[in-house]
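The following blocks contain the structures, represented as structure tokens.
Heads up, the next two complexes both have chain A, just with different partners, chain B and then chain C.
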Partner chain A sequence: MTTVAEPLSARQPKKTKQDNTLLRIVKSPKFARLLFPIAVLVVWYASIEIIRAIWPFAVDVLPTPTETVSAMWDELIDPFVEGTQAATRENLYATFARSLGRLGLGFAISMVLGTIIGLAMGLSKAADAFFHDWTMALLAMPALAWALFGSLVFGFGTAGPVFTVVAAGIPFVIINVREGVRNTPIELFDMARAFGVPQNRTTRHVLLPSLMPFMFAAVRYAFSIGWKGLVIAEVFGGQNGAGWTIKFWYDAHRAHAVVGYAFFFIIFALFLEKFVFDRMAERVFKWRPSAVEIVEEGFEDQSDLVESARADYGAIGAATALTEIGIVRESEQDG
Partner chain B sequence: MAEISVKNLHKEFGLGEDKVVALEDVNLDIGGHVFVSIVGPSGCGKSTLLNILSGIETPTSGKIDITHDNHEAAPGYVFQAARLLPWRTVMDNLLFVQTTRDQVVKDRCQHYLDMVHLGDKGDKYPGELSGGMQQRVGIARAFSVEPDVLFMDEPFSHLDAITARSLRRELHSMWVETQKTILFVTHDVGEAVELSNRILVFAKGGRLEDDITIDLPFPRDPADEAVAVAKAQVLRKFEELDLIAT
Partner chain C sequence: MTIRVDEQPSAALVTEEELAKEARRKELISRWFWRILSYVVVLGLWEFVSGRVLEEALLPGPIRVVQTFGDIWATGKMPSAFQATLTRIVIGFGLSFIIGAVIGIISQNKWWEAFFKDAVIIGLTAPGLIWALITAIIFGNRWYGPVIAIILTTFALVTVNVSEGVKAIPKDLMDMGRAFKVPLLEQNRHIVIPHLAPFLFTGLRFGFSIAWKVTVLTEVFSSSEGIGFEMRTSSQLFQMDEFLTWILAFFLFALFLEKVVLQAFERRYFSWRREVTSA
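Now for the complex of A and B:
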């Protein structure tokens, strides 16, 4: 009996340990993240091979990953190689600069107009009733319709795409600003009044910071929705720009360049997200508590509260929600 | 010395059928270095009285005078929740309510942070502190404006029993040290007896029903017999007035 049991018990921990390390790697989020692009490449290659086997004529039309990457590379180095620049169109950098300019202009207009309307709706019930249905109607309108309408009204050029950016982005700005005004922390205004803090200081240190999370949501939406609208508008009403250029490659039947350009869109949007908006948010919201920084006192695990606040309210509301949850838990303990 | 005089104070909310009387014909005189507790069941208008005295709300009718050496008295306020600006550091939260921001004021703010044992937390954000610590910042903020009168609206009711007890002790020694007039709203009779010279009992409908003087030496230990007896007496008055929830 003992002879059987011994080698088993000796072997078993070793085996499970090995399994665990392998399992840990496979289950780790990092591995899963890496796995996805690899899986995409495999599916991409495999499907082209399968289609080629069934229907050999398709080979010229379907872009392989290598063709796509080399098309992207050509675009990237184009302005730096003498004599290769196509006379018919602007290079990649000029194209994106132009589109970014239009996006920026449309974004600025939608932020200013949207903030004014949103403030009015948040402060006045009459203004809310006046704008409400039409804001909802704007939300339901697809950017494609605005793009077509814009190119009909303004012709080919800059005005149509900018108009589309404004029309697509503005309802999101309006709604977020309105919610921000409605959610202003009345108890903090009462506090300021009880201490006799002057109105302008209250506006600067209470009202504006309390609006910031909503303004940030407005900025992100206006930018990302505006960007998608812009590309569509440039396809129909542009004479240059990112959307026009992808159409250019489409008309030229260069599938790998179309796919390559689509990747540039993604890279462009992600770059703005990571290096502009995330950085800005980090600076503005550095007061938000994170589980690590909480100073412990007493008998309660505060980090637990932060985590549940995050889960219940999302990152933006976590800070304000935190106090409330703390209160609920504490009074529950008392009772 | 701060003098508070309230005459025929009346406050109602809403109109017509929804009308609710929060305070009915309240007359009060409070003066000097006293700790006055206002007790009563929920909805008896005790918070409303404090809000009117501190200027957050206006009375429907009646007259209020809060003076300090014959000029208008400066109020300080401690709320049920700390009510700190989450996007400002602890020190900036104290500076937010000051009229000036010179070095003297900064030193004063630091002094009151030290007093509530948070001297080293000035550059933390409120979200990084526990509930008890946040409430202490709220207390330091109220003291830091050097108020003539301090209004406190159930400041410890959201804290766990042990944190609340240590904060009560801190508050008592700060009251002794700074010689302020304090108006303290609570629904905890034990807390009121432990801290105050005078207890105002309010009944539902906003009537001031009783005015009890507690003449016991400080500091008061809730376990002490005299304190326990005083608490029992106040509770009995509650019963007489049929204030305890049925």
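Now for the complex of A and C:
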């Protein structure tokens, strides 16, 4: 009796254990994350097949994944096949380098101007009243308006796109710097004064660290909003650059090349987020005691920022701060 | 005697209050002074630059723009353009809001959160331009091209706001719901959704402001009506005064929606939590 029961009971748990490992793999978040691109591919193929079945004329327009990948590959190997001097347009690397240069220039200008105006607004009520409405007006403007305006005023070339980057990014710098100045701990300044700490050490050890999260948010925002504005400006007022090139494929009516180039845009933006800004965040916030505290402090800072930004700038300002929380959360999960 | 004792502090209080009021009044006056000065300086500079530094064809002054605004308004083109744009936004952003909120709510589950993580990251980082171009090349100028572009650009913003709210859901209430075996749907209806309402609203406002800009962009590529189309046309015809007029119209309308419509909406649906917010 017992001899019969024993192998049975021994077999039973073994089987469930195997089931469990499979189930655990399927149920794990990592599997879900891997599943997403596969699901996208399946939906992509399936929708093309369905549309082909219903409406046979669409065949040429619809980009299939294989066509898209081969278009991307052609772009990637371009310099090794044709050399760097292409007759009609620059290759992928030169294009993105050029766009990045414009983005960097516009970003630097908007950081400098925005920091000056933001500091003035944070320190003086008169300056705040002076610039407040116009900052809001800049925030509400679509990048398209700046892009078209820049292309008309400055002509085709570099000035229009750079102008668009500055105009699109500067309100975010102003808001963040202003909030940063307002959130500096006054008690610490009072204490520094009471203990006779020299001015430059106060600036270095009190003002800069408390401004840092806000400056960082400003950098991140000016960069990502500037990038989105830049590509639009290059479509209308560029002679080269990433936005111009995707419009080139659009005008040539190559849907797969447009989608492939869009993937390069996404990869470029993700690269900046993951490898540039996350690294920078690590470095800038090194002085903070521990990872947990970074997140918590980030939340405190940001929730204040959300409140005051909402009070002053309505939805756009509040969400500026909110999305920043999202980024803090992201890095918390990864780290 | 008691009266005199009572009188003295009250008199002091009055003067203190008056002083505070006086200070507040002074601050308000100085604030308005600087504000009006800023309008005078900026508009004056604009008027001065136009025709002197830059040619008037390149940068028409504010007076000219206001005149053109009146002219275009008189032709009756403006309301129909706004109507076309607004319809597109309402359909596109309405769907996007629902999709984004649903993804945010089911992201309570770790599995679904991981599944949609890359979609949300891409939705946040990808420029609206690529969706506008891709949908324009695939769907031509059918009405659902711009709608899909709006959805792809804005759903992630709603999702981020909602999932922030989801992470801050009161755990004790959820635990109690689970302990008393409240069905999942009921839990969502009575705990999750009321708690999420302010986050949903923030998502609505922010998403709307982005949807607005993307819609104008899609109209440039795949539409023959709407504000974006009018901007594109006037810039192609090099009519800078008309172009600036459309920007002005866009701006006024956005301001109206933000300050009047959405705030009225907020007052109406959040009147039940007025006390909480004021405290």
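Convention: the second predicted complex is superposed on the first by the 255 of 335 C-alpha atoms of A that agree within 3 Å, B and C clash if a C-alpha of one lies under 4 Å from a C-alpha of the other, contacts with A are read in each partner's own complex, and residues count from 1 in each chain.
Note that a residue touches a chain if its C-beta (ideal position, glycine included) is under 8 Å from a C-beta of that chain, and two chains touch if they have at least 3 such contacts.
Given the structure is predicted, the values throughout are model-derived calculations rather than measurements.
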| message | Is A:52 touching anything from chain B or chain C once the two structures are fitted on A? First, second, both or neither. | response | neither
| said: Contact-wise, after the overlay, does A:209 reach chain B, chain C, both or neither (first, second, both, neither)? | reply: first
| field | Partner chain(s) touched by A:190 [first = chain B, second = chain C, both, neither] | value | first
| task | Could you let me know whether more residues of chain A are touched by chain B or by chain C? | result | C
| task | Once the structures are superposed on A, label A:201 by its partner contacts, choosing first (chain B), second (chain C), both or neither. | result | first
| query | Touch check for A:142: first (chain B), second (chain C), both, or neither? | reply | second
| message | Can you give me the overlap between the chain B contact set and the chain C contact set on chain A? | response | 319, 322-323, 326, 330
| request: Please give the residue numbers of chain A that touch chain C in the complex, ascending. | output: 27-30, 32-33, 35-37, 39, 61-63, 125-127, 129-134, 137, 140-145, 148-149, 151-153, 224, 227-228, 231-232, 235-236, 243, 246-247, 250, 253, 255, 258-259, 261-262, 265-266, 269-270, 273, 310, 314-316, 318-319, 322-323, 325-326, 329-330
| task | Could you pull out which chain A residues touch chain B in their complex? | result | 187-188, 190-197, 201, 205-206, 209, 212, 286-289, 293-300, 302, 319-320, 322-323, 326-327, 330-331, 333-334
| request: Please name which positions on chain C make contact with chain A in the complex. | output: 27, 30-35, 37-39, 42, 54, 58-59, 110-119, 121-122, 124-130, 133-134, 136-138, 157, 160-161, 164, 167, 202, 205-206, 208-209, 212-213, 216-217, 220-221, 228, 231-232, 235, 238, 240, 243-244, 247, 250-251, 254-255, 258-259, 262
| query | Within the complex, which stretch of chain B touches chain A? | reply | 54-56, 74-77, 79, 81-83, 85-89, 96-97, 121, 124-134, 141, 145, 151, 158-163
